[in-house]
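One chain, chain A, appears in both complexes that follow, with chain B as partner in the first and chain C in the second.
Let's turn to the complex of A and B:
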């Protein structure tokens, strides 16, 4: 009894307690629902069997039906476009901003702080703001493009099937760029100045220094950022709900929105679960890459 | 000897702070020059100005006859060994060594050959495929040096390259750097706060204080004829003893060590009645029996390293005496202090300049 007590107060028992609490939390609130979801994707589910865990087993039938739906491949395509364009846009804009603020002009850190506001705002609010900005007839976005002579006729961003997905992508890039900027700023400032000085003395110009010192030294930051970006982007739901609701005619529908639509609008829980499982696999691959790239940190 | 590096009227301001004040310095081709001075005196600033890493705010710098004042670092063709070594952590030793060649478009085969050659002379042959984090401090130091050597630059700049090494390795690397310099026939500028490094390695020592060159010359000239009290105190270890004295007729001076006036003869003329500082190096004073030296003083304490004994006297100001071998004197013993007239340095009491 004494041994148990002292182990709990300062020993392995204490360590296990500390690990045990979050672990129990994770199992109850993440693990169980996850498994429930996976199991459900192999079962026949309807409104009446929703409450029970034991349901008829149908094997791959849900997946087969899902893939057979005509909108499956277009939606997967939109998801891929949304992922690639959002991550690339957020990363490039974030990197450009990080480099800009790295020059450390007066007020740089203050201004950089302001950029975080976009990241703090709820997705629904951001969506509402972008709804106005992107509005077809009185939107600021169209006005600016007009003045720059990039477009001659108004673009109906949210209702034109050719642009609806891009209207969400634009809003999402704006939303995520500042997070990218902050992580990249941290990465940039962790590179010691004397490396640049040594490279400069070795004859490297600014561009060469960027390619041979900055980028390789940022490898782990960039790897982590891209995997986090993948996860955050696959989670992005609010913007779709607020801007296009997946329409018109599924032209801006993506996997995460479709899953919600199937489960909670059409009450086809099994198919909704099946899409979620497909997404879980993608996110797990991204997580593995994230863990690997942060493990290989290069620090002098 | 032709001039390789020339500073003329160089000034550097950091905002309102005047870090380098009108520096004039000429460095001959093939010479090894040490910039020495206390921390914060502007040594690194001077070296970095030469490399182009700091923009000077006045004057001109030329390297090998070409004015480089406005040239960026990469056009100056000088190599620098940083105190932190500044090795590229994401590159192997070989890639570190050949970075400059790669930047200048040298082919991969040639780069490998050059790296192998330099590594053979600096003892890095077995380490070429390691990363900097897999090396010891001494090995990193060698990589930093090799990275400079491979470029065959117009000048080598060192900024306290040995200060991160342990004492034994430091002594060893001192000799190695100097030997390398001689073998390459290079021009080297070496910054250090350690006067022993400066004295043992350099042909020419420049003593800096608060952005001003206090004195420059051959190491032993600085030791024998320090231009002012600062240089006298800075060069030599332990530091020179300074005794305030008043000059009387016939080159006589009176020192007061708190135990009544002591009369001395000084080797130079000074106005009668003026106050001067008498400087005597600890190693130039010998201990005698009481009454047999210039004057007597009680011993405050002694320290011995086995080969050398350091004796401090209970006087005001306190005097330090260095004796070779072991000297058995107890605290409180009265000893006589003897020294030759030629060992005496005299500095003006007000300007602290050598008389």
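Let's turn to the complex of A and C:
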């Protein structure tokens, strides 16, 4: 007993205790649900069997039915569009802003930080504001586009199936671009100045310097950022709930919203679990890439 | 072109960019202050003719926002307390040692960080139903958020502990401190700022959390502001000034905190996520 106590206060037990309790907590509340999710996706789950551990085993029937649903492939397509467009938009806008603020001037770092409010706001609030900005008849977004002669008629962003997904993408780009900008700024400021001075002496123009110095030096930052973008974008749920709720007619539905909709709107927990399993595999693959691209950090 | 002229020009462009980027936020506040008819005017007015300041107390009363904000605060504080107590220790151990086990632990933590809440909620809901935790909905949400956000906290705080020189702790041990004593009186105070900034970030996230609260809390008296805002926005609503007033009341404390602590939050964030 004494030895146990002294180990806890002054030895290996101290470390084991500090790491063991949180790890146990995470395993119980993240690991167990993760595994249970896989189990559930092979079971028949309805409102009656929800409260019991033992349920009929149906094999891969849930997956077969899920894929057979007519909305499965369109929703997967929307998910891919949402991912690619959001990540590309966030990254390009963020990179452009980061390059601008990289030209040091008084107040640059403070103003740059201010952009991050779009990222710290609750997703529901961002969604509510963009829902109103993108309103068809009275939205100020349409008004601005109109004044710039980009559109001649009002676009019904949220209710037109051709645009509903894009209304969420626009809001998501706004939300995430600032985070991209901040991380890219860190990467930019870590490039040594003398590289540019040497290149300038050799007569390299601004564009050449960008392609031959900036981009290659930023490779690991960009890699980490793209995979982080993938992870964040796949987590995006609040904007869908606040702007389109997946509609109209699933035209803006994506996998992560559909999984929740199946479980909590249609009470089809087994299919909700099945789509979750599919998507979690995708996220895990992305995060392996993220962990690898920040490995120099992980190794210390 | 002189140096000062260049600086001024760049600053003006930067202010312009910030104004464009933050326009949605401005529009939220300005819409809240408009009257019902001014809100739907074409062309839209960019400055309210007759600012309706009374809308803020009105919506606060009408929607019972006191209760919503209280629930958000309870959920956020509970999650942060749980995360800070458990996560700090884990971050310390993961920062202090370098071996294969620590690599495995870090890998696990990073993997758990990426699980989307909307995908994890199905098994969490079923498990919480089975174990009866769902009878205490706010506790259930706190546990779920803690599990979701703790990995992020660990990654951020670990970066802080890495910057605390180990020699200081060793010196304390030589002086006769126990491990607990050295951790408590040397390492923790030195890492206090980083821990605080990370906790504030987690608090702001948890204050706006939606998926878990929406799915796990049925009773309206226990729901946080995010769920209240979502319920307020019906599919064909035209109460946009009231909705924007709700959103303004909800988000202003977060924005104020962020603007005040901006520099620290940004540096804390960047040290954890990349370097």
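As a working rule, the second predicted complex is superposed on the first by the 283 of 300 C-alpha atoms of A that agree within 3 Å, B and C clash if a C-alpha of one lies under 4 Å from a C-alpha of the other, contacts with A are read in each partner's own complex, and residues count from 1 in each chain.
Going forward, contacts are C-beta pairs under 8 Å (C-beta built on N, C-alpha and C of every residue); 3 or more make two chains touch, one makes a residue touch a chain.
Keep in mind it's a predicted model, so treat the numbers as computed, not measured.
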{"item": "Overlay on chain A: chain C relative to chain B, clash or fit", "value": "fit"}
{"item": "Broader residue contact with chain A after superposition on the shared chain, chain B or chain C", "value": "C"}
{"item": "Touched partner set for A:289, first chain B, second chain C, both or neither", "value": "neither"}
{"item": "Touching partner for A:213 - first (chain B), second (chain C), both, neither", "value": "first"}
{"item": "First (chain B), second (chain C), both or neither touched by A:192", "value": "first"}
{"item": "Centroid geometry (CA): angle chain B/chain A/chain C, rounded to a multiple of 10 degrees", "value": "80"}
{"item": "Touched partner set for A:201, first chain B, second chain C, both or neither", "value": "first"}
{"item": "Contacts of A:102 with chain B and chain C, given as first, second, both or neither", "value": "neither"}
{"item": "Minimal inter-chain CA distance - chain C and chain B, angstrom", "value": "9"}
{"item": "Overlap of chain C and chain B interfaces on chain A (superposed complexes)", "value": "298-300"}
{"item": "Chain B to chain A touching residues, read off their complex", "value": "51, 53, 72-74, 76, 78-80, 82, 84, 86-90, 99-100, 102-104, 132-133, 147, 151"}
{"item": "Chain C - residues contacting chain A, complex", "value": "6-7, 10-11, 13-15, 17-18, 21-22, 24-25, 27-28, 31, 39-40, 42-44, 86-87, 89-90, 92-94, 96-98, 103, 105-127, 129-130, 143-144, 146-148, 150-151, 154, 162, 178-180, 183, 201, 204, 207-211, 214-215, 225-226, 229-230, 233, 235, 240, 243-244, 247, 250-251, 254-255, 258-259, 262-263, 265-266, 269-270, 273-275"}
{"item": "Of all residues in chain A, those that touch chain B in their complex", "value": "192, 194-195, 197-205, 208, 212-213, 216-217, 219, 298-300"}
{"item": "For the chain A and chain C complex, residues of the former touching the latter", "value": "9-11, 14-15, 17-19, 21-23, 25-26, 29-34, 36-37, 40, 45, 50-53, 97, 100-101, 103, 105-111, 113-118, 120-126, 128-133, 135, 137-138, 140, 143, 174, 178, 182-183, 186-187, 221, 224, 228, 231, 234-235, 237-238, 241-242, 245, 256-257, 259-260, 263-264, 269, 272-273, 275-276, 279-280, 283-284, 286-287, 290-291, 294, 297-300"}
